[in-house]
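Following are the structures in question.
Next, two complexes with chain A in common: one pairs it with chain B, the other with chain C.
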Partner chain A sequence: MATQYDIPVGAQHISLLEPLHFKLTTENEKIVDVEANVGYVHRGIEKACTSIFKFRQVSFVVGRVCGLCSISHTTAYSQVAEKLINIEIPLRAKYLRMLVIELDRIHSHLLCLSHVAENSGFEALFMQTMRDRELSMELLESVCGNRVQYDYSIVGGVARDLRPDVATDIRTKLALLKPKVDAIMDVFENNYTLSLKNKKVGFLSKEDAMKYNAVGPLARATGLAIDVRNETEDLLPWKQVGYEMITDTRGDVWARNLVRLKELYVSFKIIDNILNGLPEGAILTETKALPEGEAVVRLEAPRGELFYYAKGNKTQTLERLKIKAPTFSNIPSFVETFKGNEYGSAPAIIGSFDPCLSCTAR
Partner chain B sequence: MKKIETSLNNLKTDIANFYKFDKQQFMVMNIVDMVEKLEIQWFFADYAHPCDITCFYTYSEPNIQIPSIASIVGGAWVAEAELVDLMGVNIENAKKGFVLEDDFEGSPLRKVK
Partner chain C sequence: MKAFFTALGNLFSKPATVKYPFEPTYKPDDFRGLIAHNPDLCIWCRRCEMACPPGSIIFSQTMDGKQAYHYNRALCIYCGECVRSCPKDGAIIQTATPGHPALKEENINNGWKVIVDEALKGRAAYSAEKKRQAAAKAAEEGDKKSE
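Entry: the complex of A and B
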């Protein structure tokens, strides 16, 4: 047996944006075992939400769980709270929630793709992708008033209506962004150097994706067709606005890149349909009801299924709030995916996971 | 959401009879602290009918060892490790120090009597 070396990656590492630690056990450069540690930045948000804050304030607190998918957390929490107080929100508010979720997915996927490019040694593509992503960030600021923590979904609806000039701005900037995504797609799909770094690297089979409960683009890139947008119509009418599932069967870094890129086009289509068919009416249902009973909500965040469980006892403070983030579900798959790959491929593989420790260690 | 009551003694058998890795998706394990006792929950979704969420649940005293389902459900070890740290429960074979420091004392999500 060759000598084995343990190589630490993280908690601070050039290829990691997040405080995540992998101990990679290697044998002749090949990764043979992996240990993951996510315990660096736990912030106790669930505890704060069930002790300090009233249930209507919690949507603003969970928005701080993650800077990248803040809208997913605030929407999922608002939905679970709405179930507990048994209210239906206006259709216009549902459409506006979907609009911001898809704008958020665009910026989040572009961020992930840029880091895969950077971790694969393609600095120019990283900069190009980050530059183009700015258009989606500007749109989020126009719609929500903030670039990062939007506080857009609130219990009962949304916090701001969409002004006609902002709707026009969205159309204009997305028309600018589409050809830029075409260009990025062309590089990811056809660049020979990038294909060497990404093809057949970090392979996860569909069977393993199911065995280790993978979610999001990581699962869909293996051919496992799971996406909450395809599954639930009661809380947000995704199919009404043209949602379609993107899958790939190749299961490697390259497939994950392409799934994310193709999902950008689905997001463009959904946003277009939302703007064309945005219902008139109120954006908020107001009530003084108190949360009672227990409820669960699933929502497709950019990284996969986000799960919220809440239990209320007819007081202002929730009895329990449980948040399960997609990166948390994907940790067992991450660990398995590394095995058998060269150590030099680890940064690209990590980038393709799109890990979010801010969500995981909320 | 369909809730199915189980017991700590029957948990592994019930989950093994229910869970097929290519049919069900394990979502999460959760504990609701009711101070005198804990409600322990395991959530699953069905790949073919994803809106069908099944929750296995049981009640337990806080200091009783909870069986692990990680041998049946491949991805369950992370959810178990998290609850060991945050709820201070004793779960069979679950590692401590996964989401908090190894030497962290206390159980941040437990309610004080």
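Entry: the complex of A and C
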């Protein structure tokens, strides 16, 4: 038996954006065992939400759980709070929420793709993807008024209406973005050098994805058709706006890139449909009710299924709030995916997971 | 070969970045910026103070009952919840001006703690005084009735 070496990756590492620690046990450059540690950025947000903040203020607090999927957290919390106070929100508010979630998905997927490119050693593609992502960031800023912390969903609806000139702006900028995504897609699909780093690297089989409870693009790249947008219709009408499932069967880094890229086209289509069929009406349901009982909500964040549980006791403060982020569900699959790969491919594999540790540790 | 021509073309294309301090970056018209208060329109109901998630608005009160508005832009998260909670249009509005960085002289962290403490103390003193006056008045009326 060859000598085994333990190599730590993280909590601070050049290929990592967030404090995630992997202990890789290697044997002749091959990874044979992995240990993951994710608790470096615990901030006690769940406790803060149930002690110092009133339940209407919590949607702004959970928006700060994560900078990339801020809108997913605020929407999921708003939905769970609406279930607790038992109100129905206007259809226009639902459509506007879906609009911002899809814009957010575009910028989040482009960020992930750029990091896969960088971690695979393709710096120019990283720059190109980040430059094109700027268009989606500007759109989010013009819709929500802020670049990162959108604070768009509030309990009862959304915070601001969509102005007609902003809707035109979205159409023009997305028309600019589409050919740029085509160019990026071409590189990710056909570039030979990138394919050496991404094809047949970080393979996860469909059986393993099912066994280890994978969610999001990681699961969809293995052929497991799992997406909350496909399963629930009661809170946000995804099928009305033309949602389509994107899957791939290869299960490697390359397949994950392509799943993310193809999801961008679905997002473009959904945004187009929302803008064309935006219903008229109010954007907010006002009520003075207090939360009572228990409720759960599932929502498809860019990284997978986001789960919220809340319990109220007829006071202004919640009794319990539980957030389960998609990266947390994916950690067992991360560990499995590393095994059997070269140590040199580890950064690209980590990039392809799109880990969000501030969501996971909260 | 194609890559060579792309690289050559990029030599003459415009830079993707903005020369930031000299040129402004992208900012929408309804950017969520600083909160502005209009004391002439305000009805002093303190709803914005109750709604504010980080607690960046506080009203102080002097012994003659006059209230004053205090705002900490470094604590504010620019969510606009105060504007939504306001019952009077235009008393508190969200401007499109971004919050500027604080200077050391402003003492924005510790100074704010002092302002909050004094405001809470002042309000407690005022309501205690009101209560005392009301009790005295009730006692006076009670005396009159018993006479």
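Rule of thumb we're sticking to: the second predicted complex is superposed on the first by the 362 of 362 C-alpha atoms of A that agree within 3 Å, B and C clash if a C-alpha of one lies under 4 Å from a C-alpha of the other, contacts with A are read in each partner's own complex, and residues count from 1 in each chain.
Quick note on the criterion: contacts are C-beta pairs under 8 Å (C-beta built on N, C-alpha and C of every residue); 3 or more make two chains touch, one makes a residue touch a chain.
From a predicted model like this one, the values you see are computed outputs, not experimental measurements.
Placing chain B and chain C on a common chain A by superposition gives a fit, with no clash between them. Annotation for chain A, partner touching more residues between chain B and chain C: B. When the two structures are aligned on the shared chain, A:23 is found in touch with neither chain B nor chain C.
In the superposition on chain A, A:328 makes contact with chain B only, while chain C stays out of contact range. Using CA centres, the angle subtended at chain A by chain B and chain C is 100 degrees, rounded to a multiple of 10. Using the contact criterion defined above for the overlaid structures, shared-chain residue A:37 touches chain B, although it does not reach chain C. In the superposed model, A:200 lies in contact with neither chain B nor chain C. Contacts of A:57 after superposition: chain C is touched, whereas chain B is not reached. In the superposed model, A:146 makes contact with chain C only, not with chain B. Between chain B and chain C, the minimal CA-CA distance in the chain A superposition rounds to 21 Å. Overlaid on A, the two complexes show chain B and chain C touching no common residue of chain A. If you check the complex, the residues on chain A that touch chain C are 53, 56-57, 60-61, 131, 138, 141-142, 144-146, 149, 151, 154, 159-160, 163, 166.
Residues of chain B that touch chain A in their complex: 1, 21-22, 25-28, 30, 32-33, 41, 43, 45, 47, 50-51, 53, 55, 73-75, 77-79, 82, 85-86, 97-101, 108-109. By the touch rule above, chain A contacts chain B in their complex via residues 37-39, 42, 44, 46-47, 207, 210-215, 226, 228, 230-232, 295-296, 298, 305, 307, 309, 311, 319-320, 322, 324, 328-329, 331-333, 360-361.
Those residues of chain C whose C-beta lies close enough to touch chain A in the complex are 16, 26-28, 30-32, 51, 53, 77-81, 84.
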